Every structure is written in structure tokens, then in C-alpha cells.
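Labels run A, B, C and D following the written order; every chain starts at residue 1.
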Amino acid sequence: MRAQQDHERLYQTMAIIVANIPIGPGTYRLTLLAPEITAAARPGQFVEILPGAKAAMDPLLRRPISICAIDKENGRIDLVYREVGRGTRMLGEKQTGEKLDVFGPVGNGFVLPDEARKILLVAGGIGMPPLYALAQSHPEREFVLYYGARNQQELIMLEDWALLKIPVKIATDDGSSGFKGRVTDLFLKEAGTAYHLCCACGPRPMLTALAGILQQQGKKGLFSLEARMACGVGACLGCVCSTKHGYQRVCVDGPVFPAEEVIWDE
Amino acid sequence: MRAQQDHERLYQTMAIIVANIPIGPGTYRLTLLAPEITAAARPGQFVEILPGAKAAMDPLLRRPISICAIDKENGRIDLVYREVGRGTRMLGEKQTGEKLDVFGPVGNGFVLPDEARKILLVAGGIGMPPLYALAQSHPEREFVLYYGARNQQELIMLEDWALLKIPVKIATDDGSSGFKGRVTDLFLKEAGTAYHLCCACGPRPMLTALAGILQQQGKKGLFSLEARMACGVGACLGCVCSTKHGYQRVCVDGPVFPAEEVIWDE
Amino acid sequence: MNNPKLQVDFAGISLRTPLVAASGTFGFGREYSRFGPLDDWGAIVGKGLTLRPSQGNPPPRVTETPAGMLNSIGLQNPGVEAFLRDEMPDFASLGLPVLANISGHTVEEYGEIAAKLEGSGIAGIEVNVSCPNVKAGGIVFGTDPKALAAVTRAVRRRTGLPVIVKLSPNVTDVVALAQAAEGEGADGLSMINTLLGMAIDIHTRRPILANTFGGLSGPAIKPVALRMIWQVYRAVKIPILGMGGITCAADAIEFLLAGASAVAVGTGIFHNPGIAKEIREGIQQYIVEKGFASVTQLVGAAHQDGEGKGCGG
Amino acid sequence: MNNPKLQVDFAGISLRTPLVAASGTFGFGREYSRFGPLDDWGAIVGKGLTLRPSQGNPPPRVTETPAGMLNSIGLQNPGVEAFLRDEMPDFASLGLPVLANISGHTVEEYGEIAAKLEGSGIAGIEVNVSCPNVKAGGIVFGTDPKALAAVTRAVRRRTGLPVIVKLSPNVTDVVALAQAAEGEGADGLSMINTLLGMAIDIHTRRPILANTFGGLSGPAIKPVALRMIWQVYRAVKIPILGMGGITCAADAIEFLLAGASAVAVGTGIFHNPGIAKEIREGIQQYIVEKGFASVTQLVGAAHQDGEGKGCGG
């Protein structure tokens, strides 16, 4: 089964940093001028960023970061990332005007069936950004976002969702905003079944729980997964996940998989 | 033979970059706010700088750079470095306000005998900076600088020497400024023997030739050597050079050695 | 793009540049051709093949280490027959020599795979001996000169294609293994494969790789690779495909000077997919600047006198 | 500064913290005490000693490699007698246990050095077996289980001090060597020593080190060190002093989890002379956060089930 995107062009470029702005605790919105990548980009795809100095061989591997917003007119993409380790911390130190070695766009992205008119989005923490690109790119569809985070401070980009006029239902672990508890519990409680598709991105336990709910409801899901990656282009087989079709590469067979094809209990 | 400086305090600090200004082709003058190091610094000593990001393990080792000027009042030292590899190139990208992980001051420095009233300085290329610190710190002595470089563009800090009112005799390989040829030839031609001590720093072939001249003239020399270093504190024995007393550590037994004690033909 | 100064002959295979894409890091060429033509490469070694399909090890399979990475892919591949049917047509039409990298669980399997590749359009066979011999208690073929000789012999008997034996660095005496391969008629050596390593997640307190151990590759291993190539170059006559941590032209030149006739790049491609162009241009500039007539003049040029002894510490 | 949670017993030596300064990287303690008190360290292993004075290898002796470095110091040292006379008084008065690291050119020399150290105030003897055996054609002691057993026996017979055998990683089967040392009564193992490597200057086209080869240390080798410690931990009962590329608390914790009872830091000190404080504080924070009563609970905690097999690639 060879994916269509296997033949699409990839671009490696020195992208210029237009902005790199803190938008939450340890969380940044990075705007890159990268016309070729932008022109080709689709929601659900990601880019591979070299976080260190080019001459430094440590850190060695690129970091995958989802495309959060696509500005085709200006040749810019936005990425939203959270500092969790040294690579993302190095990104946090970059200044406007500096250049970043980036390649992309990578992955299949969210491919929406025509009949999916009403789509529920479910985001956990820093899994939200790719869903924003999805909603932004499909003004013709109806979306509702279920958004879970640890606490109120970690909720980001709420104004951006408001601009898209998309309702956001919030769950926080500590109840500091919205529903107190897991976003999947909120989803189960409020979402009902009047929708055609559920698109999600977030921590694996959230996706596993959500896949169970969808299965019960007989609904389809498109979930964006994460995996440790090396090449980010499908060559090394380092990033596989278990699916009903055997091991599949998260980087190019995904990162978006039909929820029902993933083997969740591994 | 345990050197006196073996017991002096060393300081590791996050020095603040006050300025990092290009002063010649690929050559920068870096001003660091580092009060403890400055307070202890003597001419001929150096500091050990970590050029990369702290979290990056490549480049791993520190780079030794001589102290070029000491501003005890303001707690600042100046370093002058030339981009020759990736470490010095990384330094070239640092901005004012950033911090640098630095330790020092390291080494014996130039210890001048009282009777050395007239001192000839001989510098080759980027070997000049430590001689500036020496001249600056000893207004009570009379100096003349013999300064060799590849061409006129590579001559730096001439205004600084003018401020100290020290005569500078120039030699360039291509004759674009001053004497055309080697600085040691200029020295042989013009220096005469009316001096008490010769202090020098530059490429090994220059020092070797100069040591020969001094030996002929029966004059004393204090030469600052370079070596590949690992620890920079005398612990690893990585930086040794051959002397009449066996292998000596350039980092702490030097970098300044009496010219007559070094075994030059190795 | 074609520059005769860069052209090399390796074990009977003519390469337009001395740059080879290393096995397991370049798929079957398709993935990286998405960045543009593969003009800077001299050849590609495909990902490792086994006789039967293999699903490989469970994930996580890769993790970063200082200036390196660990992988425990475990030879996921469709098996040699499906490869020949489904992959070979595209692989063979990339416009440069393509090599197969083969692994077996027994000596016989190596021979069988080699036989199946005969006449397929493959330019040569790279024999991966970093796998355990299931018939000999799991001892890795590539750590025992006798087992390695047996594998080389089995492959040599079944093919007229150039046979390149890929040495494992996880050994006390790499020269003995190189000589074992040479003695059985290998046309060339590839070195080095990965160093066996591991990493632990201090939060879960478990090995990061599901397989516990993985192969260490990337710049971290470069000094070990250079040392082994230096040693083997002095002890054998067959050419060496040098690899292990190459990320720039200077690295590639170091390998040539140490004795490699051509060089392969693996992990460095992940760091920089545009690496081949950079290295090709850098080598070209070097030979012009230094006045060499061709890249072949660099091979082994750093060997001038006896090698060091004594203990490092 | 004294925190009972950090206290460990290693091979009969009581360490106030599990952090040891590695042989050859810390002189005899004087140099780094110029930065301030050595309170964060648990012990120091002095630079390598030989029976007679040794001037070591010619320079250049060190060079940087990706996330690592090569050294070919060649055991420059004043000889054990001059050490005891000129260095030991200061070394012994640093306020923490100090160990001697010893090397011989013959089995007998090892025994002689060990005997001379008896009663000197040295807390233990680390036996460096990464040197060539001049009586056996220059084969490195530490690569042959029989030679390593003979060295261990010779040292064991001549001293009542804790004997810690330092394993070389340049071997096919490190477990066999660990068992050889254990079998002859070693009280502990140190691992790993440096990997043999080299680097070439592409401008002079000569090896950078005057000795051609040198020992690779630093973060680059960390995955190899962890793997070997993991393997040896499962095969022996004596404690392991783990080292190889530690530069931060997380690294040190990885080594403890893999099975090291204490950890040594070498090259990391060159990167950051303040490293011991950082690591000591980081370990302390980790055991508090994770609810451990003491650092000893971390030792080997990552071993829960069988280890991986199969081939990496």
C-alpha cells in the first residue's frame, strides 16, 4: 500500500523567523517565512526542524512540529510548540530574523471525506495546533473543539478559535477552567452523536480512550499520532506504530490515521 | 617543580557579553563583564570559553583565548579572537547581552624581571592580543612592538597601540603595509641589541626563528605558546610541550615559557 | 554534474561520485528523491533484506544520543522475493548503481538470498553480518572469524555479483574479521556497522528502545570508524567502503585518507537531507585546492609510517 | 552538604556522594580544588601510575571529536614511588577517599605497584588493564580474559585494599572479562575505559594525535557504556563504578538505573568544572521527587525483564 504523498515534493530550506512569541507557559508561536513549504502545506502535516547550530552535531536529529496555521498569501506557516526538552528549549531562544533549517511539509495530513460536514475536534494539551490548521483550512465545514489541558494557564489560542467562530468546550484537570476532569469525559458527556467525524490529537492515553468511545458510537475518527522519529521522510522505519495493516510509519503513512485502524493497546 | 599559580583561585562564571565587535576580517573584540576573573587577571593569562549552547554536547571542549585588555575598574576583560573553526565562528554569532560560560584566569602570564626595562614585543597574526595586555599593564616599562601579519587588512588594534604611545614596526607577507617579509626578518634587521627582554606570541615557526635570533644575541625571551587543550587547568596532561625540564603543561606551567627552555625542533 | 575527478571504481562497481547512501537509512531511494534528483550520490545500498518477510522490532525503535542515535529497527522488510517484485523495478530505475544489503539467520539463508538477487539488476551485495546465528546459540556472525568466513563463502558461491562484507565494530580484533572475509573472496568491505548501545528513560526507569539495545550511529562513532578503517586498510588488499558518522566533506575526506575507497553516509542524511550535495562539492573543492588529479589519490594518503602503540590513558 | 540519602558504599569504600572523579581527568585533585572545595565529590581516582616514571606520548595528545574527545596521554606519571613521596601527602589530605589507578607492562609489575601502595592512605586500587602486555606480543591485558585474570590475581595477592578492575570496552564480550575479574576476587569493576579511536587532519593529511590512536571519551560513548554496564550487572555480583560520557544528573541516574553502584565523571569535568555540584543536586532532587529513600534504591532499577536480542539494523 503506497501512499499518494510518497511522490509529493519535499523542500529543505533556511526559513526566516518572522516571530517567535511566548503565548503561554513555556509555549511559543513561531512564524516562519518558508514559501515553498507553505505553498505545499496541508493541515495535519508537519515540518522537521533542526534546533541546534548547523555546525554542532548535538542535538543531531530534527524535531517534528505540526503546522498550526497556513498563510498561503504571505508564504508563512505558524508553528506552536512547548518546551519539553533541550531541542524545544533551543527553539525558544531563537530571535526574529534568525534562520532555521527546516524541511517539509511531511505526512498525509487530515484528508476529510466529503460527507463529513460536522466535525468534532478533540485536543489534548499541545496536540491542539494541528487541529487549528484543519479548522482554518475548511471554512465550509462545521466544527466544535473539545479542548483539554492541565489548567487554565495552559489553554492557548482561545482568541484564534474565537476568530474562526468555532465553539470551544474546555476541560481542565484541576477545574480552573471549564469542566473539571478529562476532555474525553467531557466529550462523552456533551458531544452526543450528531456529528460525522472526530479529528483528534493529544497524548496517547487520551486518543486510546477516545477511540474506545468512537467505536462504541460507531463513529469514524482521524487521529494524529506522535512517535520518536529519525529521518522524518519514511526511509528509516524508526517511527512505526501498530495498525491493523501491520507496522506503519507515523511520519509518512501518518501522522493521521483512521482511529479504527490503530492498535491502541500496545 | 610546582608553579606558584597552582594555588591561585580559578573562577567559573556566566560572563555577560558587553560587546562583540568585528575589528578586522573574521576578527572580533569581545568585552566580557566578569568581575572575579578580571580582578585576578594578569597579562599573558587566558580564559577557557564554552562556545556552544550549554545543553549541546558538541562542541564539547572549551576554547582558550588570551586576555587582551584588563579593565579592573569596571570588572571587564577584552578578548580578541579570529574565526578559524566552528568554535570561534559560534563566538562570532554571539550578541551583546548574551551570557558565556567562561573560566579563568588560567596560566602563569608574563612575569617580568625588574631589570627588563626595555622590552621588545614580537607578534604574529592573532598572537598580538596577549602582548597588548602586557604593554597596557606595565606603563613603567618601555616597549616596541614588531608586528607581522599576512597583509594590511589583517593588522588590527593599531589605534590601541597608538594610545599607549608604543611604536609599532610592521611586516606583512605581501608588503601591503610596512616591511615586506617576515616579522623575524624585520626584527633581525631593525631591533639591534639595545633591549633587555623579548616577549613574543605567534605561530610556532615564527617563535622558533625568533628563539634562534635571541640565542645568537644572548638575549632572554618570554614566549607564549599554543597547544591543543582539554581541561585547561593542568589536570589532564593533554597540552604538554617539550622543554629542557621534560614535558610541561602549556595551560598552567605556561602558556609563557622562557624561550631558551623550550625545545623548538620538535 | 558528472566530474571525472570524482569517479571511483569500488569492487568492480563504477560510481560517479564516491558517495554511497548507507543501508537502512535511505529506504529504496524513493523517499529522498522527493527532495530532488539524486545526482550527487554514487550508489545506494537498499534497506536490509531477509529471506522471508520480517516485521522488525516493536517501537520505540529510535532515540537520540549525544551526537548520535540508537536504532533497533530489526530489519523490517518485505523479504527478498517481494522486494524483487514490488521494489526492485523502481529501485533499479533511479539512474545509479543500487546494492542489496542482506541478512540471514543461518549461513544457508545468506546463500539463498544471494542466489535470488542474481540477474535482478542489483549492482552488488552488501552482506550484513551483525545478526545472531540462530544455529549457533545466537552468537553474532560478525564477531567470529569462522562464522564470518562461512557466510562469505556461502554468498560467494551463489553469486557472480560483487560481494561486500559489512563489518561489525563490536569486536576485539576487527582485522581478523576483515581478513576472514578477504580470505573467502569478498570483493570489498563495508565498515563500520553500528556500535551496540542503549539508553534509559529516567522517568519510566526502563530502556527507551523496546528492544533494550540498539545500534549507535552518527558523528559520535566517527573516531572508532576511522580507527578501524585505518587498521584494516593496512591488513587487506580489497577496497573499503567507509562509513560511521560522516556529516560533511571534511569527514568524508578523513575516511578516504584513512583508507576508504568510497564513503557511505547514513545518519548524517537525517540531520541534513541535502548532505550529498554539500559533501560532493566539498570534496571537489578540496581536490582542486590541494592539486589532486582525482579523488582516488586521497585513498589511504594519511598512511605514511608505523602506527602508534602504547596505551591511550 | 552531607546528605545521608546520597551516601553509598562502593566495594568497601564509603562515599558521601556517588560521584567519583575519573582517573586521568582530575590529576591528583589539586588542580580542580582551585575552583573551590571538592565537597560534591565522593572520591577521587588519581591519574594512572606505573612502576617507573613515564614521560608519556609526544604531543599532540588530545583532540576534540563530535560530542567527545580523543586522548593519547600515554600515562605520563612520576612513577609510584615519587607519587607516594611527592603527591600522596597532599592527595590524602583532600578530605575524601582517594584511589590509585595502576598500570603495568607485565603481570608482575601490577603486583609490585599494588604492594607499594599498601598502607599509604590510598582507599582502593583501580586496575587499568587497557595497556599492552609487553611479554605477550603487545596484546592488551584487558582484551583477553586469561590475561585479565592473571593481572587481577597478581594485584589481589599483594594487597588487602579494595581492588577495582577497570574494563576496556574494546572487546567482543565484556561479560567474559567482567567474570574473569570477579573470579579472581576483584571487589568491584570500573567501566568503561575509552574506546580506541582516531582523527585525521585533512590539511596535513596525517593523524592528529602523534600516537595515531587515542582513547575516545565523553558523551559520544555514553550509549556503549550503558549497554556494557547493563550486560555486566546481570552477570556479576560485585558492584560497578559506571562511567563514560556523564555530563549531567540525568546521565548519572541512567548509569545507576543500568546497574552502576556509583558513577565516575571524566571528560564532563572539562566541559563544565562545576559539574559535580550540578549532578549532586540533580540526583538529590530526583530521589526526593520520585520518593526514593536513598540513591542506592536506583541501582539496577531499570532491569525488570529479559533483555533484547535480534539485530539492531
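Convention: a residue touches a chain if its C-beta (ideal position, glycine included) is under 8 Å from a C-beta of that chain, and two chains touch if they have at least 3 such contacts.
Bear in mind that the values here come from a model prediction, so they are computed numbers and not experimental data.
**Student:** Determine the set of chains touching chain A that also touch chain D.
**Tutor:** A chain counts here if it touches both chain A and chain D, which gives B, C.
**Student:** What is the distance, in whole Å, between the centres of chain C and chain D, each centre taken as the mean of its C-alpha atoms?
**Tutor:** 32
**Student:** Please work out the Cα centroid separation of chain B and chain C, and write it as a whole number of Å.
**Tutor:** Chain centres of chain B and chain C, defined by C-alpha means, are spaced 45 Å apart.
**Student:** Which integer distance in Å separates the CA centroid of chain B from that of chain D?
**Tutor:** Whole-Å distance between the two chain centres: 35.
**Student:** Can you tell me which residues of chain D touch two or more of the remaining chains?
**Tutor:** 24, 66-68, 71, 73, 218-220, 247
**Student:** Can you list the chain A residues in contact with two or more other chains?
**Tutor:** 57-59
**Student:** Treating touching as the only link between chains, describe the layout with one word: line, ring, star, complete or other.
**Tutor:** Shape of the chain contacts: complete, all pairs touching.
**Student:** Flag every residue of chain A that touches chain B in the complex, lowest number first.
**Tutor:** Contact set of chain A toward chain B: 52-53, 55-59, 86, 89-90, 93.
**Student:** Where on chain D does chain A make contact in their complex?
**Tutor:** Its residues touching chain A are 66-67, 219.
**Student:** Help me check something: in the complex, which residues belonging to chain A touch chain D?
**Tutor:** 57-58
**Student:** How about chain C: which of its residues touch chain D in the complex?
**Tutor:** 23-24, 48, 57, 65-68, 70-75, 103, 128, 130-132, 138, 140, 143, 170-173, 193-200, 202, 205-207, 209-216, 218-224, 226-227, 230, 245, 247, 250, 253-254, 257-258, 286, 301-302, 304, 307-313
**Student:** Under the touch definition given earlier, write down the residues of chain C that touch chain A in their complex.
**Tutor:** Checking each residue of chain C against chain A gives 24-27, 30-32, 34-35, 47, 55-56, 58-64, 66-69, 71, 73, 76, 218-220, 247, 267, 269-274.
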